[in-house]
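Take a look at these structures.
Presented sequentially are two complexes of chain A, the first with chain B as partner and the second with chain C.
Moving on to the complex of A and B:
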């Protein structure tokens, strides 16, 4: 029975042109539009390493030196070597370089930065935040060392990670838009979930009535159809992600297996979200669809799809919202897979996404629990 | 004939509104039972309660002597329902739709194929097998709706207003199909507010109003139970008072109305009413035209019992 229902559901769902459009074509069209819009933005905002000079004595500090090397390697700064042999000669040289705008800033030590008059506000902010970050980390590490002198400082002082986290706005602004789009696309699977519930709930459609009076266990039928909807959602997601990655050439990283698991869970979240909307209220089909689109777009907005600053604002002011926003969780999971070698942040996102999914599934079961209806 | 369906003391309320009010109903094996009543009389609610789709407040529903529940799968497999609203999948063709709904009951592929073909033949959709529903006319869509409900050859068929908004050709096709299914052994419950259809195909009729059974019996029994025997209607531009008084003086007369050049005379019984009436009209040189005689209908039954028309 399960296989028969599964097969029939696949046949019906795959022929539903409106659903196929919204879950595949719409996302692809949006991705193409993003690509067209952001390719120009990419050219305008291309980040160039900021030329600076650093006092030689300051680099004698092992950790400061490591930090400066890391951010130079990441091309946030470009260190201009000083030729002068004496202190005086070097001071004169720095003044000249600043006047000529060859360098933007001179770092005397971790707490003293001389900024040139020609430096832009963005460049100033970047240099300042880089140094502030170092100071904050250093004081934290000193505290740790006081309590545990044997701590491996290099492990704790993960400058590379710090820099990427602090500056993600500048580094991956374009990618994050597409990651959010992938999140939104996964959540659009709600349409499949909603459609399945319409097939089985007698108070939602005449097909639902027909299924309800048939001699089959509704739970098994619903499960088989939800499984079919999930597979189709997953395929839709794979098509959209492949298009974004291979055709639009937006790099989503090389961790294929974790990405597949993320899409599996993400589309299940979408399908269960749709089934929850379908059974949890007595609104018309149009209103329910509106709720699905509205909520998904709102989640996408909070995840930074329309303005990248929104996600950072939410993260700073109400981080709990991001923990229960499936689009934000998928976006962040993709982001963490791309940038980090570790899976901690990815797993954290997966756990929260799983919890959100469980809430939708339990909600659906709760509203479906009655086998008879009060009214039809 | 044994009872296949027994409904006892059924009460269904929607908040303040009592949709079904202490209703008893028996459906006998092999009969076509007509549930007649105006819109909102409780026909569909009663069907949904029988099918265990709706919760009800009091009473019991037994089918094949067993209490009907949502888990009564062995009973459900013997029932076919044609709902008032068309419930087919827009994405599937005529054949695929019938096959889908038949597959909910019949798992064997070969057997199902034959059943689907039989259903298509019964409703006359042979030329439209590969059509998707949106390409079908309203009447053909209704036929498809019926085929989806009866393809698995159920022993009990429930049809809830299957001919609403259907053209005469499709209506005749549907009614003939129902009679054929009944002849092949199916017990049928047919709900409608079209008295002519009920009169034409049903063996036994239950008239509902405001959730209550107000009359039941065969068509003849119901018509005989009311005072009205026959009605004669004719058109005349002028009807003298003397002639009108003489018509009213007939002991068989129940009511005489004359309005807008139309005179309607209702008789409670008696023979030769038409001859007697014509004699009076001729006596007073009344020029009349389009005179017609009508025997009592189920609408007259309903009118007499409730004081309102079935179509109100």
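Moving on to the complex of A and C:
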């Protein structure tokens, strides 16, 4: 009987086009939009030579000129040459270059710079910092020569780095949006869970009425149908994840088995969430759908789907929220597999996800048991 | 005005679903609005937010800590366990640790994203100071004096000037108004399409068709209902804004953004009515609401600023009214391009006209097919 119900449920669920759209195509569409929208996100903080212009007279000082040449050679700055022949023309040219953001700053002399409107504050600070460096070095040399006029200045100006950089190349913030998308997609399995419950709840569908008076063991039937829903959800997730990883070339990481287990549990969470919504209240089908979408969107928002910093803000101020947010748990598990070499965090997320699933399953059983209707 | 009154009875019946969406969106915009800062009219050096840990007791380490505290922001909310996450999510620019054996090695350990600009600022601050200390030490100065003199030297700054006076910017306002692009689109389209799906049900449509109320009068009253409910949605977001930023109402930029959002809301009402003509079925409504509102918002720069989107994405997003709405918010905030702002408003109104005309043509075509 289990296998018959399982087979028939599979056939029924697959024919539901709206559900297929929600669980597969919507996620793929969003993934494509993410890929398009976030293609430059990693470059926001990337260091590139900052374009500036320099007053010609300022370069007549050989030390200042040498300093500017050095920082240009090290690709901290990129000098844009002014073409104006008169002072007025050059002034106008500088205004235009600053307005169009072709340059970030204009160096008037070694002690004063002009900034434009609307440039990046980070770039402005870097330029200021580089120009500060020159006058600071000058001050240092003067202090030294006052006390010790015979100092070897090449020793004084032999700069080295005191910073040991530890870089982790796996630092692409774009990936986090896709992790939340995978989490959201797994939770969209709630639709399959709801569809299954509509088949067995007498007040929600004609099929439900028939099933509730059938002599079959309802527990086995529901279990078989839930299992069918879970298989379909898992397939949908695999399609979405494969699309993201292989077609859009977003690096999910190479830890295939943990990811598969995560998807298995995540989709079960989604299905159980859907079944819980379906049986736990007496609202119409439309309202239940609305609850499912609204809550899943909210969970996705708290996981950082629309603004990645929201996940960290929640982690700082109310970490307990995301411990019971299935989308956040899936997102965090994927992130930990990608970024860390250990599995501690992954297992922690899996445990919480399992707990959430158990709560939904127990809740579903609680609301399903012993239902009777006076009339339908 | 029976139809108009009945419209609100139907809205009242669906208040639970509409209420859920409203609360969710409300929390969303409040959280987004809180996370962005003001920029003052004077130049302020960017101070990267970092996680800092000093494991050394040496005097030099203490001085490095003092210098870093002046040029960066030690983020007290970040714990050692969460520092890596905060760095990955770009909430901090660097993890800086002065190790125990700093007195011997004189190496500060820095964890940053590869090739990061803000990370560069942090490493430059450390190198700048310690190179000056070294310069004094090789010239025969004692460590303590070298540390103090170097600290004095790094206080010297160039003068910053602007061609015109710099305007104060409140990025929170723009972020808020950009975010409500998504929430207004989602809510208005949801309400309008949900209600039209009810009116378009065969039994109800047939009854309305044989009623003594003319189709024109019916359409006017329903449209009035759409306008009122959409205005209420828009107004609720304006009220929330006023509560969160009461001082901002005095700024002209704020008033212009409010006007911009009003025009955008009217455009979305016309789009929603067109969608309700094209789309039947409650399941399909939710599909459209989420796909359109999320998609348009991502591609038009409501979530990720337009400055960070590629040219091709921006070109695609020009098919959405959201692009012109978000673009206007940037222009208004920057105090630039009055002409372009007006142009964009005209384009949004043109979208509204197009949606209305298309809806009328589709409806009259349907009537001809029925006859």
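By definition in this document, the second predicted complex is superposed on the first by the 241 of 376 C-alpha atoms of A that agree within 3 Å, B and C clash if a C-alpha of one lies under 4 Å from a C-alpha of the other, contacts with A are read in each partner's own complex, and residues count from 1 in each chain.
Here is the rule we use: a residue touches a chain if its C-beta (ideal position, glycine included) is under 8 Å from a C-beta of that chain, and two chains touch if they have at least 3 such contacts.
Predicted model, so just to flag it, every value in this text is computed and none were measured.
Residue contacts after overlaying the shared chain place A:139 against chain C, while chain B stays out of touching range.
Judged by the touch definition given at the top, the superposed model places A:209 against chain B, while chain C stays out of reach.
Contact with neither chain B nor chain C is seen for A:69 once the two complexes are overlaid on the shared chain. By the touch criterion defined above, A:4 lies against chain B but remains apart from chain C after alignment on the C-alpha atoms of chain A.
Of the two partners, chain B and chain C, it is C that touches more residues of chain A. Of the two partner chains placed by superposition, only chain B is touched by A:12; chain C is not.
Of the two partner chains, neither chain B nor chain C is touched by A:251.
Shared interface residues of chain A, touching chain B in one complex and chain C in the other, do not exist.
Residues of chain C that touch chain A in their complex: 14, 16-17, 20-21, 24, 27-28, 31-32, 35, 39, 43-46, 77-78, 82, 84-91, 93, 106-121, 123-128, 130-132, 134-136, 138-141, 149-150, 152-154, 156-164, 166-167, 179, 182, 194, 281-284, 286-287, 290-291, 294-295, 297-299, 303-304, 308-310, 312-313, 316, 334.
On chain B, the positions that touch chain A within their shared complex are 14, 48, 51-55, 70-71, 73-74, 76-77, 79, 81, 83, 85-89, 91-92, 96, 100-101, 103-105, 107, 148-149. Put simply, chain A touches chain C in their complex at residues 18, 21-22, 26, 29-30, 33-34, 36-41, 43-47, 94-95, 98, 108, 110-118, 121-126, 128-129, 131-133, 135-137, 139-140, 143-144, 147-148, 151, 155-157, 159-169, 171, 173, 176, 283, 285-287, 289-291, 293-295, 297-298, 301, 304, 306-313, 315-316, 335, 339-340.
Interface residues of chain A facing chain B in the complex, by the touch rule stated above, are 1, 4, 8, 11-12, 15-17, 202, 205-207, 209-217, 370-376.
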